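See the structures that follow.
Shared between the two complexes below is chain A, which has chain B as its partner in the first and chain C in the second.
This part shows the complex of A and B:
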């Protein structure tokens, strides 16, 4: 509706307004140690400004081809963005973790819409299934009862919101300037160009990975992963091993307490 | 044309997620929420990479996202070990508990005058009691070692 109501505003102005109101809304929603009625009013106002910012981003965004695709993309990306904002704005870290899980679901949906079936599922399995549970486990171990004072205040909320707005503004400006033509210096032979001017040796070459939307996508991704990027897979495996051994080593050293270390050393 | 629109929308979502994670990691003081914000930034990167991958019809972005997942898992493991150690030393999940490590010309973070927690915000549901109250067997209670 807003997109229909605001056709005359230039997209640059719209984006600037959206970024500004997003920053103001984030500043209002971040915990600032107020408490009581003022805090609730600020959060309402912040949520309102955030909704205005989202509407601005939606209005400034390009329209996809079909209504169905557009609706699905809008839904999943709204879920991702809104719950990401709630993650950093919620006071209780447990709630933050649960909002983060919802943001992960949204991101997985975005990945599915963008044609990455394996990655969408892997995001849910690896992040929501393993990493997030680990976070929650540590939270349950380490969380004091009640709301801790450091959860109710922020570190420079105004400056942080301004930094985020600058980042977002620069990024969305450069995203808006993207054109379909590749720059003249380094033209990538895209699929569309290959179809437009088919060269026999290029099209038939099995190494052109091609369309991510093929039916045997996972198999081709695996082929790509263990073909062209085999060294990267090895490096990732070594990284996992090092992280495993490193965390075990740190935990094992922390097991004998720091208070006991000194006398034992002195005894030797 | 549609492909470019999809690329731009995906990149916008990625940029918003990245900026939100940036604000979170700068502003919040809970160590775990800071790590959640870092993961949000990684999610933004993943969305951008997959959008580019779709645009160019190439699997390179997907491979990079798999590497991002791997690094995120390693980072979570190592970081949570450090968080647990920090909690064991200070008893707090507070980044400002380690402010003795700050630069010498920076002011000290002091929490002054926080108002008391508003109990009306945290209202947990209570289960209504249902069924018949079981009759207490006093002999069995007396024979138990630990009551």
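This part shows the complex of A and C:
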């Protein structure tokens, strides 16, 4: 739709402009700690540039199938990107954590739209549900007021903004090039073709990657994980177990330590 | 799906969402009334029995009470204290209510409806908002962990020490009990071989053995953990009135408080749904509901009625427990989670995994009937062994002596020196 409105601009130019705009916007939005009206104006300007950059990325990207699908995808991905920007731009650590949670929900939504149900829900369970709650705990307990100055400013605003934007540009360029010419092995069938063809219920049958109509995704994922990638899964499991035992050991030693302190205090 | 309307799936989904949300909200209102009747019955008084039809003398046993209560709390002043963090203060009740309603996208509220050709529904229509979701159990788990945010943010944004302590306590409790909850879930998922709640119900209906009988230890662990997740009475520390005024919603009033209370109630309803669906056979009842696909409306309605009756029974159990048990202390609560429920849950998981792995060999060696019996009896042996071990080895819950960093002799030393 937007691509029709801008027929003369090549996608590469558009992408480059979007990346530049994103870098400038991020740089302006990162908290600098001057305070006052000037910074507020700069942040507004940065937000505006960021919005322009997002529009550019959307225009440079490919369209999905139906209008509804496109709308849902754009909504969740915009939630993810905007919240991610707000995470690094916000001054209060607690707010940053909340924005990060929202960004994770957006990413989970993108994964759900793309048909990766297990990954999407696992993202919520692991990151938003467990890790980030721990972060919030620490933030709230350690700094109830959130006023420590080193937590409220960005240390390297220019370098980090440029690095982030360049990374974004390179990723979308390479992924865009990959997806514009899908190799013969992994061509994603159109939805209409998938509906028209009879569905195969056999778990062992070869499937096309990324088919959103596969209903037994978890069974397939489990088969894949514990078939081809069995060694990696086992190694990761052992690693996590070691980390668990290590953390218990650290805590136990800390307990001994306070036990040693008590008689010393009594002797003094 | 061959239908005359291309938008039919969307319409069906919207109708289901409407029915579910409307039903849940009404049910929550009337369950509050039931809870007050139950409280009155336990305490030997009459309870709310006055409000009937307004402006008449008709009382209807007090059935108008939920409407009157709801209107009153909605029309109260929506007061925002000056010292709160306004954005998060407003967001917290919305987050918790949205999460506790969205959970029901993956929870079936019946078996399914027979085909309705007049509307273009040629297949059996499952009574589930998102039937294509292959990760139902995980979805429930994920959203119940999102609900923690509402509690934590509400407590923090209130900028009140009671609210903050309540929020921290509550989120520590929720995070701790998610682990035994997950272990209880995993046993059922292993046995049924699916993360979909309707498949889990079908598996119990097909075999005729509810998972509460096949995995007694898992059932107990899950039951206790879901009481804690719903913050019902033996575990209602987040809002221990004597210590924390109102817990994380101390500073809330009016409709925001209502959202918190409804969300808390929905947590209990969710827990009841999960207990019934995963351990008590869902819509299945021997000799009444059958187990195959739904062909007639009678079967569909009977299954719906059986599921609802079971859920109501579990909710009544929740309410009865509330008036029968004293509250845990915080260290008792944490000891129970980490030193009792976690090992028991692991024992159940290992038992179930072993039985499921060796079931074919068992059936081949002992014959069908004998093999099944052994597979059914073994978890009960583990259950009783676990029970005895828990009774003998776990920390005493009634020990009230303070833990001293120095022994009594050291204290005497210190006193003598000063």
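Descriptive notes on the structure:
Convention: the second predicted complex is superposed on the first by the 206 of 268 C-alpha atoms of A that agree within 3 Å, B and C clash if a C-alpha of one lies under 4 Å from a C-alpha of the other, contacts with A are read in each partner's own complex, and residues count from 1 in each chain.
Operating definition for what follows: a residue touches a chain if its C-beta (ideal position, glycine included) is under 8 Å from a C-beta of that chain, and two chains touch if they have at least 3 such contacts.
Nothing here was measured: the structure is a model prediction, and the numbers come from that model.
Residue contacts after overlaying the shared chain place A:243 against chain B, while chain C stays out of touching range. Of the two partner chains placed by the overlay, chain B and chain C both lie in contact with A:130. In the superposition on chain A, contact of A:122 is made with both chain B and chain C. By the touch criterion stated above, A:17 is placed in contact with neither chain B nor chain C. Of the two partner chains, chain B is the only one that A:96 touches; chain C does not reach it. Shared-chain residue A:110: touches chain B; no touch with chain C.
Shared-chain residue A:141: touches chain B and chain C both. When both complexes are overlaid on chain A, the residue A:160 reaches chain B alone and has no touch with chain C.
Common to the chain B and chain C contact sets on chain A are residues 118, 122, 130, 134, 141, 144, 258. On chain B, the positions that touch chain A within their shared complex are 1-13, 15-24, 26-30, 32-33, 35-37, 39-40, 43, 46-47, 50-51, 53-60, 62-63, 65-67, 69-78, 80-85, 87-89, 91-96, 109, 111, 114-118, 121-122. For chain A in complex with chain C, the touching residues are 94-95, 98, 101, 105, 117-118, 121-122, 124-125, 128-130, 133-134, 136-137, 140-141, 144, 215-219, 258-259, 262-263, 266. The touching residues of chain A, counted against chain B in their complex, run 26, 30, 33-36, 39-40, 57, 61-65, 73, 77, 80-81, 84-85, 87-88, 93, 96-97, 100, 103-104, 107, 110-111, 114-116, 118-119, 122-123, 126-127, 130-131, 134-135, 138-139, 141-144, 146-157, 159-161, 163-165, 167-168, 171-172, 175-176, 178-180, 188, 190-192, 209-212, 220-221, 224-225, 228-229, 232, 236, 239-240, 242-244, 246-247, 250-251, 254, 258.
Remark: chain C residues 88, 132-135, 138-139, 141-143, 145-146, 148-149, 152-153, 156, 164, 168, 171-172, 175, 178, 194-195, 405-406, 410, 413-414 touch chain A in the complex.
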